[in-house]
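Before any comments, here is the structure.
In this document, chain identifiers A, B, C and D correspond to the written order of the chains, with residue numbering beginning at 1 in each.
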């Protein structure tokens, strides 16, 4: 597929001739990774702040109010600094190598997944035809990191957390994938950009979720499974703080612990992005529609989309994803936690059959109409 | 039933080990030194037959003391020769209470465990054992409960001497 | 224990799970939009009721050093010391150890003069343990009016003695009588010293209050 | 647990190892694994204080549990033998620190049982109002922390919001927020300040509304029901055997409440008028005597307490609030056991006096102590997460188990 400004074409025109080709590739990669890391870090900090604010206001309190002035916006920054300055602890008896690698693996896999994501219709790191497969595959890698962390910590609570995570994620990969099949079937593509473009029309409201009556249950199922995938309440069993102290994170502190933290919020954001693209219109909204009318000609190539349109589309997608994150937070501060056997039951006996039923029904609907 | 009724019932059943009742009374106006006894009434029971007595109290349908509320001991005075062991029974169906008092010689206090009749006694007896040095025979789990396992002495005895230190920690 | 789940139950579980979640979200969502009820502590403070049991304060003028409060204290955290000059008191110390105090207010009620109270002040922060031992005295030594009263009493006494002397002019036993003026002098000197001390204390306290 | 049965599949023997909480039977391959012993506590988020439970687990399944107490032991009973009668009162605040008013009441009543003394009626009314408000506060803690044990954090703060109000009321009447020492031998120490009773009434009105939210938000939540129903079942006979009292016993279906059945203070009049109802577990969502029933009993008891408070507010009269108590209290010789209905069960005080200023024996029968003992019996066979639910549902206060 030939689409516009990939990140790795960023430095193409800039680099002087004497710079060897591999150096350009490496430096563009470095710039890309730096961008992504900065993005994820800022996103995580913002999400942490948002979570505190949402939970605070839900619980009739303010949340952070002092650091930075306006509603404590710099609280996360201060916390990040504190975490950076903490002592780097590896418990005695821990498997040092695995203990150190695990958080990196966890965060790395989420980075990997985000690489395949289009942030605006024209700005992305990689455009993969089977994009959604890549994203699901990469995000499932976090499990290995978590199991590693739990095992390497040499703590009973960590081990419990890791085992729970393994069981839970394996169980919920299935309904997650199956419920995604419904929009994939309706959209007819695995590519995120194409799926998003599919939903243009109806004054920007031709979202996949409105295109088929069985998309709504599929969306709910996907959202539930995504909650379990990202270890969010009510499926936060791997860290279940009242049962397992902090689950697989019990022995972690400082920067390494913050990696897990960032992973959690990045994963939430990622899952919300996927939901936004495949259920809730991707870049499309009335605003995008208007922006397209205003800035983009009928036949403009994707390669040279005007910046203002790209920005509108990006902001719309971002807002949709953030709304998903917000709902996840809202749920977290409302619901109690499930028990491990109930999580399994829910995954295998409720979500999976219901998702299959959705696929069947939606497929029938598509075939008939 | 009030206390009198319970006592009569116990006598009618010729409850094993029943010695008598001790009821509160006003001070005798004639005797200036007598201050009387206030509080609640209790029955005295022989230490050797306490388990039979408790079983009877639990199983008799008019008494129906199905709940052992409390089991505790008392060291009345440093120079007293006896320890008291008190049982508080409660009936959830008849809505009545019965207090039982057993005396044990301080020299060698030992009594049959009531855990076989009321499992509630189990922890109370462990507490009594460590606090007063009473041996509860046939107790299923005779460990210390509140005190550390290596604690010396029985703190609630009147002749207990406070330790100066415990494992190198000064208690002064 | 339950039997196998019927299809009805299955659907009911799905519905209940979904619906009760929505109910919960409605409740939490409603609070999300409401104004929080907490206050931002150092800036705003909750009103403290009059009966609040905070740090003690002592109306030293009324206190008669009867030790009733110290005796009533379950943990013996009140200690007081005063020298008695006839009816008047010369205060040495009245300390309350806030490392022990549990603010039970038992010391307040037995006071016959109703002079020890608990204030609404509650901040007890320090990096040094010794600072938790508060001295409740507002001045050391004797109160000004007490001093005046005592001086008057001394004067009267001296006058009386003088009058007596005048009456019994030819002293039968000079040895015992001669000692008395000396005592009076000593007693007069002592309050003077205490006076200066108390004055310094008082001014110091006023500064601290300001 | 049912009888173990075996199944032969070729040369593999499957042994039915256990019945899961959901009622399914699980067959296991015997591969000679060993159990994992986990120390839950003394520092653990779900043990509500410094309690340690040694849990033996096979995977997530708990095969044995043994509570270890004594981390908070302060020998309150020995202190009682060393301080004067009235001086012991602040110490009673500190065993069940969530229901200090009730503890004050229990101790005062025990001492009063030794003294021929008349308690003024207004004092009795204020006592009951305070005790019931404190019961609400205590149950609110249970409501909140239980939700938190099960992962719902928000109800905790909602519960604390109302409890905060209740504590502000107490602050107004006695000046303290947690350790009140307000109900004293012979009555109460201070009369209610002007307007206080109206405020209590306002609290009752608002609380009834909030109570509906508690029920909807947590008690009837499907996940919550699934987590607690059928879990930690205490059969009535087991409950009686272990000497459980209070909500723990009532949740097992035994209709017994000291306030109604062996009334003290002014509860007798109330019970005769039918002013309040005794809530018992009915096994509505699961088995009789499960964790949900215990939770249900406590949550519904809050409403009954509100009714009691309202009754008192309607019947309170002006008058003195403390009887004729000498400043130096000498208690006549004798011994008395007085048990009252605390939020956690029967709080008993057994006091022995020889006529002096100091008690001979001051025994405290804390309900948490007895309620905790049942853990050993009901924990095995549950999942690790259930064990948290069970510990939470016993609603122990470690200050009271250890005293």
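Definition applied: contacts are C-beta pairs under 8 Å (C-beta built on N, C-alpha and C of every residue); 3 or more make two chains touch, one makes a residue touch a chain.
This is a predicted model, so every value here is computed, not measured.
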Checklist entry - By C-alpha centroids, what is the most central chain here? => result D
Next on the checklist: Between C-D and A-C, which chain pair shares more contacting C-beta pairs?
Outcome noted: C-D
Checklist entry - Which whole number of Å gives the spacing of the CA centres of chain A and chain B? => result 65
Checklist entry - If you average the Cα atoms of chain B and of chain C to get two centres, how far apart are those centres in Å? => result 44
Item to check | Separation of mean Cα positions, chain D and chain C [Å, integer] | outcome: 36
Checklist outcome for this item: Here the gap between chain A and chain C, centre to centre from mean Cα coordinates and rounded to Å, is 60
Item to check | Residues of chain B touching at least two other chains | outcome: none
Checklist outcome for this item: Residues of chain C that touch at least two other chains are 13, 21, 24, 27-28, 31, 37
Checklist outcome for this item: Listed in rising order, chain D residues that touch 2 or more other chains are 22, 154, 158, 161, 217-218, 221, 223
Item to check | Topology of the chain contact graph, where touching chains are joined (line, ring, star, complete, other) | outcome: other
Checklist entry - For chain D, which residues count as touching chain C in their complex? => result 19, 22-23, 83-84, 86-91, 93, 154, 158, 161, 168, 171-176, 179, 181, 189-190, 193, 213, 216-218, 220-223, 230, 287, 327
Next on the checklist: Looking at the complex, which residues from chain D come into contact with chain B?
Outcome noted: 69-70, 73, 75, 77-78, 81, 113-116, 240-245, 249, 254, 256, 261-262, 332-339, 346, 348, 350-355, 360-361, 363, 365, 369-370, 372-373, 377, 402-403
Item to check | Touch list for chain A against partner chain C, complex | outcome: 54, 56-62, 65, 220, 330-331, 333-335, 350, 354
Item to check | Residues on chain C engaged by chain A in the complex (per definition of touch) | outcome: 10, 13-14, 18, 21, 24-25, 27-29, 31-34, 36-38, 40
Item to check | In the complex, chain D residues that touch chain A | outcome: 20-22, 36, 38, 44-46, 59-60, 147-154, 157-158, 161, 217-218, 221, 223-224, 226-227, 383-386, 388
